[in-house]
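Structures incoming, each one as structure tokens.
Two complexes follow with chain A in common, the first pairing it with chain B and the second with chain C.
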Partner chain A sequence: MPSTSPALTPGLSSFLKSLKSNPIDTSIENLISLLKRRQICHSRSCATATAYLLRSVVSLCRTSESSKLIERVQSVGRRLMAAQPREMVVGNIVRRVLGLIRDEAEDDRDAEFALSESESQPQTPRAFDDASLPLDRDSLALGAERSTRPPLTSMFSLLSHPEPEASLPSTPGSQSPGGHYSGNNFTKDLRAEVLEGINEIIDELGQVDEQISNYALEHIHSNEIILTHTSSTTVQKFLLRAATKRKFTVVHAESYPNNHEVTHATVSGTRPDDDELLSFESFQKPLIAHGITVILIPDSAVFALMSRVNKVILGTHSVLANGGLVAAAGTRVIARAAKVHQTPVVVVSGVYKLSPVYPFDFDSLIEYGDASKVLPYEDGDLVEKIDVQNPLYDYVPAELVDLYITNLGGHAPSYLYRIVSDHYRKEDISF
Partner chain B sequence: MATTTESTPKAGAKPFDIVATYNELLRSDPDLTMPIAAIEALVLLLTHSPSSTISETLDLLAQSTAHLKKAIPNPIGLSAGTDLFQRYLITTLQRPGQLGPAGDFKAIRTHLLSNGRLFIRRAKESREKIVAFGRGFIRDGCTVLTNGGSRAVASLLQKAADEEGGPSAVRFRVIYVLSSISKKTAEACGEPEGMETVRALRAKGVPVSTIPESAVAYALGKADMVIVGAEGVVENGGIVSRMGTYQIGLLAKAIGKPFYCVAESHKFVRLYPLGQYDLPIEQHVIDFKSEEDIAEQSQQPVDTGVDRPVELESVDFTPPHLISALITDSGVLTPSAVSEELIKIWF
Partner chain C sequence: MADSVKPDLTSLSTTAPSQAPPNPVPETSPSQSLPIRDSNSAKQPAQSEKGSSKPKDAPAASSTGGDGASDKPLTPAQLKAKAKAEKAARRAKEKADRDGGAGAAGGSAPDAGSQQSRPPNTPKKDVASGGASQKGPKGAPPRRGSGPVTQASAAEPKKKKEDKSVSVFSHLYGQQRRTTVNGAAKEVHPAVLALGLQLRDYVVCGSSARCVATLLAFKRVIESYTTPLGTSLARHLTTHLSHQISYLSTCRPLAVSQGNAIRALKLAIAGIDPSTPESSAKATLCDFIDNFIREKITVADQVIAGSAVEKIENGDVIVTFAGSNIVKQTLLQAHKEGKRFRVSIIDSRPLFEGKSLARALANAGLDVQYSLVHAISHAIKDATKVFLGAHGMTSNGRLYSRVGTALVAMSAKERAGGVEVPVIVCCETIKFSDRVALDSIVVNEIADADELVPANPPQQVTGLPDPAAFTTPPVEPKKGGKGASAAPTADTSASTRTPSPSPLANWKDTPHLQLLNIMYDVTPAEYVDMVITEMGSLPPSAVPIVHRMSTNI
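Moving on, here comes the complex of A and B:
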């Protein structure tokens, strides 16, 4: 949400400023109300706010056990998620922090594994190999023995030795560190490592667009015609990176009525200094300054122009575990039109937008916005007679997307489940 | 477990017959799936054989598995169980630790022999897990189209119905596709497969409509989703299921309805069928005949009854691109996740 006076408007930067001075409970309340009032609404702003808040929560949580820490993060996380359930990145960040704590707690229990595994981009598929469902206790209990055993697959859980089940601890976290450690030393290390992990998540959020744009030259070729939609910074940076080396044409759909003003500004390069985005990196020169032809079109012209387009590049609000995505309204029309013309659809998205939630009910994911953007309240007579709806998002099924480009590289939609399982622990998916 | 004690003395008298044991297990417990019955049969086999070395045991298992597969007309489901058992033994033996090569072979033997009922219990528990994962799919006001006699689907639907009146009440309707009664089933119970589930659901207050297979395309417009069971889930994420599932999948895709498959992860089987006729079983579904052939056949009237003993059991293959998601006990998976699960146990 653009604002001309960042000092007065509550938003991400004011929240981050106040985080240091306010007591933690005030900060939590503050973020909840910001989320509820939609004063923080970009995916990345929400993710950043959540990560910073959780960092404060963890650093202020004076507890001696990992289970207490998990509990605390869970309770804060639940409140944040309840404040704005459609902002799925909040839940994603909470889950990743929970996963960090669990990893660290388990690492500390394996005495020989002093190596920090708090990488923000875990490449090892350990979370998946555990396959520890909330109900599947035996594989959880095996955590301590894992270093000596090959990964236990969930398929073997049927036959595996029942011993661990008999002596199962209630949760992996509740197991005390044991006699090898003095309690004090243990917590200090655990918290420090978790905080380091959260810092890495925050770094990742800052760098994600840069990392994604590194793949731009592989996907955008000379003289191509690219169609895009909305003023997504990820997409813009992706295109800008390609523009440094190649000449191509961009067809930009304006995404009326929710995002058209920002989109116009992005295209013309007169984008106002945006409070939310300023805090990451002020927006650079527009595409036209690099000599790229940008054609701004109304959304209704998408189908007509699609036959000339070589590639569709879309930003997104969040990506779901089945490979579908929730993106700005109008995305599905574009994706569908691209399908009809057999034009490849590429979605650029940071891994932090990838949610482990399975979309059981697509309708519940769609948020409805200000109806006055469609029909201004000045037309009072009309407003009374008709029902105006302004959906902010579209659900795009996985089969309409050809490729996802995340900060980890390009993935087919059917492969996303794997990235989900690399980043989130199964026991955290529905906490 | 009643089955274990029943079959032990009988098999003790004469040489152990794995095929008879397998059939007996399946008959005695209607809740038992084919892979689990196969695992149970192998466990019982080990009980009866005095083998004490690893290679002897593996050899015995391989022989008996081959024998069992040959004797059963459709071994896809059971091969999932036998493969899983064999892989489990090999992986456990290669693993360092108490049960590993350095350890006592007897330990793993005793573990397997003493835990027959545990495996069955876990297999049934995995259905509970599936229910926990699948609950979210059945929402208020939705209509589910299903077919066949899958126990996993039945337990999912019944569980959702049970919660009616509770805090998370689901009011849903079911369209049940019943296959036409073949001669063989008519003799057995006089009703098509799945009637039991239909009755149970109706008793729980779920409105159920039963339709013939020919009405699937007509009825799909009223359904919100299709949920089917599976006999085996193959490597590419496709499913081998009751005859008629493939056409429902095709229709659901054409009409744009989600098509979910409910299956326990022990049904994942290492097969890669390229099409309908690439399954490792012989089915006499398509049987071309001329007048001459019929006349010839009528001269041996004894044969006609036994002509198609597997008609009820016939299966088809639903390719992965028709399946929206697999609801398994290790979560809701995309079809491509199946290969990874299989790779993890085989390599």
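Moving on, here comes the complex of A and C:
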């Protein structure tokens, strides 16, 4: 799975490079196939790729109306999500972009509504004067230096407000010239603002680990024994931040067979130059370089050591709205063992991993991986006779998690639904 | 399996610089250069002792850190001194024994003397001195030579640096596993010598198998035993056996069952009337051993399998962990009786004992599913019963078994919906112990951490040159040699681009990095619903009673 020669393997960086030169449809196809082939597979890489792609989609979308923009983003988003339904971050990013568009559209509508409210008194008598309306509108708009104001009467605004998408196409013919004109302006503005919002999302993806690690000192204290699992960058950065001030011990379960190589590299400080991760942490010093004792254990020894562990810090693949999470296989037993030993379980995760989807069938979230990692080719004779299973993910129910730390701060699992509703609009949850 | 790949690797290593095998050889030398070279050059042992004890002091002080420092200042100092003296005496005795046996007596007598006179002997240093003394008079050169040979199994125990022992488990690091038969006392019987190495390499693995093998080896010892003049069999045979036992325990700590069997055997020896002629006494003892094996293990297994089979019903999905012989027997017997069920085997690194169980069951035609520890929660999802083997049962009803067992038992008890999967332990009463343990740290066995370092990547199977080798700058061979402790990050890009050498290959040179490879864990009694023994099916709380009954016979 780890790309042996970054130059040859397509991945996030090659995709981002090609994004500028390729036509947008090629890029979409490209990302879809990358997702399908698992050549982009980390949550953050998927999120970054999606965000960049949507930025291109939005900037190249020469549509004049927010509804068209939404439709376009939705159609691209659907295809991306269909490519890899278990990478829920793709859907999350799409939903956030959709939410951005809707927000901007509504803000504009609100602004214009407020504007038309304030200006509606003098206008109302003339609102039915068809002939003079466009001219008046132009002069008014110029005078007010507000280009976003469509030539609607207050009554129209009132009616259109609840249904912003529907209102624009259904503008009466008599007012269409003016409406069209200002609508153009308005979407240009809207697109710029949406692009700005997407850039913010991209920035957030880049900074999220730093933001999360800012909370590290609150949670890790001197001489604690911290248990973690797999080689999550977020967790590593979290621990590294704490390591600058405190001395503690890290017990690292290696997550054999799916991620042990990276984990070994992480603990020994030989981070692989996986091109997807290159930009983020290749220059990072390992924990051991900070004088932190790192004890690498096989996954089976988790229960044996749990009685000495003060805190379990876990990374995750994605977080569900109910507070449960989908994380690397083996996480569930670790969380359970921690519960049994009354050890607090802290999950660090960017908000972008927080998915509004509540899947009732948890098995559908679990992806199964390469069986040859469990039973190597040397035992090929066995493979024919027995059923080898290699699940990649575990569903961890919310009751096994004590605390979530996101880039917004620490939350109880029961509070996550609130963050979900802050970040996603309910009309986008199932699009 | 590793052996079969080996020729390819070595031949390849000349072309591709990134092979696993050539690396560890030079890599060991810098890490251990001081002690080894000293003891190497030291045909005069006194010098070796001085040379090796000096580097020992410094790391011990730094590594034990809190423990040592907190223990030292107050009255415990006296205790400690006493313990030290005892330990030194014991070691000296061992040493004397060994030297007497090894034949190179002339050079080693002062060695023992110097060791005895060396007072600072904390448990930490014990590791090192154990290693040093194991090497014996001319231990080092053959040990070095044996390195590459045993490397194929990746189970070659290296000398541990003080630094690398996990502090929570420091009480378990006391003994370094023996690497060769070198330095074994002359009393040690060849059968026992061989068995020791088999135990160490997990050729003989599993509590019952180790117990049976030990008893059979002791039977041969007794058969070839002649009572020296001036003493009686009952008196001398026990000490003779204790040489064998102490040798075995340096190869691998004794299993609970081994301990119980040895205790019973010693009791039998002590019970022999001194007036009985030697031949008949030996015959009695051999009979005793045969009976013991039959009674406590062979027949016991049959009885256990018989009653465990009754617990299996048609349509069951049975989860088991690693490879237990008694569980295998049970499942095979149930299959033979025509029961239709599925088996899900959960296996773990580094021993992969479940693989042979899976092979045996699959060959017998059972429906087998195989996965590793990370998939426990998936495997347990549709389980109806969990069958576990045991290494031992502690007196407080806890199950002491291969590490990971506790996770399986716990998962069986946590299933959502409140339906708990019954956890059934199959265990002969000989595995019952009078020790108690609250957690897995009290009682455990530390295996060589190098077993955790992935040996050879599966990419090498074809013997074709690794594509990644072309992209690798030829830094690789140097990397091992220069002992990357100085600049581990400098080598990183090179070492990870090629999958061949594990990033952990030189973990011993990496400061602050520790690997922990424990063998067992302790499963809380509340996770165990039933213990099936040859004396019936019991709750775990009945373990101490049964243990008393079975030992008091």
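We take it that the second predicted complex is superposed on the first by the 357 of 431 C-alpha atoms of A that agree within 3 Å, B and C clash if a C-alpha of one lies under 4 Å from a C-alpha of the other, contacts with A are read in each partner's own complex, and residues count from 1 in each chain.
One rule holds in what follows: contacts are C-beta pairs under 8 Å (C-beta built on N, C-alpha and C of every residue); 3 or more make two chains touch, one makes a residue touch a chain.
Just so it is clear, the structure is predicted and the values come from calculations on it, not from any experiment.
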First (chain B), second (chain C), both or neither touched by A:409: neither
First, second, both or neither for A:390, with chain B first and chain C second: second
Which of chain B and chain C A:374 touches, first, second, both or neither: second
Which superposed partner A:291 touches (first chain B, second chain C, both, neither): second
Partner chain(s) touched by A:307 [first = chain B, second = chain C, both, neither]: second
First, second, both or neither for A:23, with chain B first and chain C second: neither
Interface residues of chain A shared between complexes with chain B and chain C: none
List of chain A residues in touch with chain B within their complex: 129, 131, 133-136, 145, 148-151, 153-162, 321-323, 358, 360-361, 414-415, 417-418, 426, 429
For the chain A and chain C complex, residues of the former touching the latter: 2, 4-5, 7, 254-258, 260-261, 264-265, 267-273, 285-289, 291-305, 307-308, 328-330, 332-333, 336-337, 340, 366, 372, 374-379, 382, 385-391, 394, 397
Touching residues (chain side chain C, partner chain A) in the complex: 1, 4-5, 166, 168, 348-350, 355, 358-359, 362-363, 367-379, 402-404, 406-407, 410-411, 414, 416, 439-441, 444, 452, 454, 458, 461, 467-468, 471, 488-489, 491-493, 495-499, 502-504, 507, 510-518, 520-522
Residues on chain B engaged by chain A in the complex (per definition of touch): 39, 84-85, 87-88, 91-92, 95-97, 99, 111-112, 115, 118-119, 122-123, 125-126, 128-129, 132, 136-137, 139, 265-266, 268, 324-325, 329-337, 340-342, 344-345
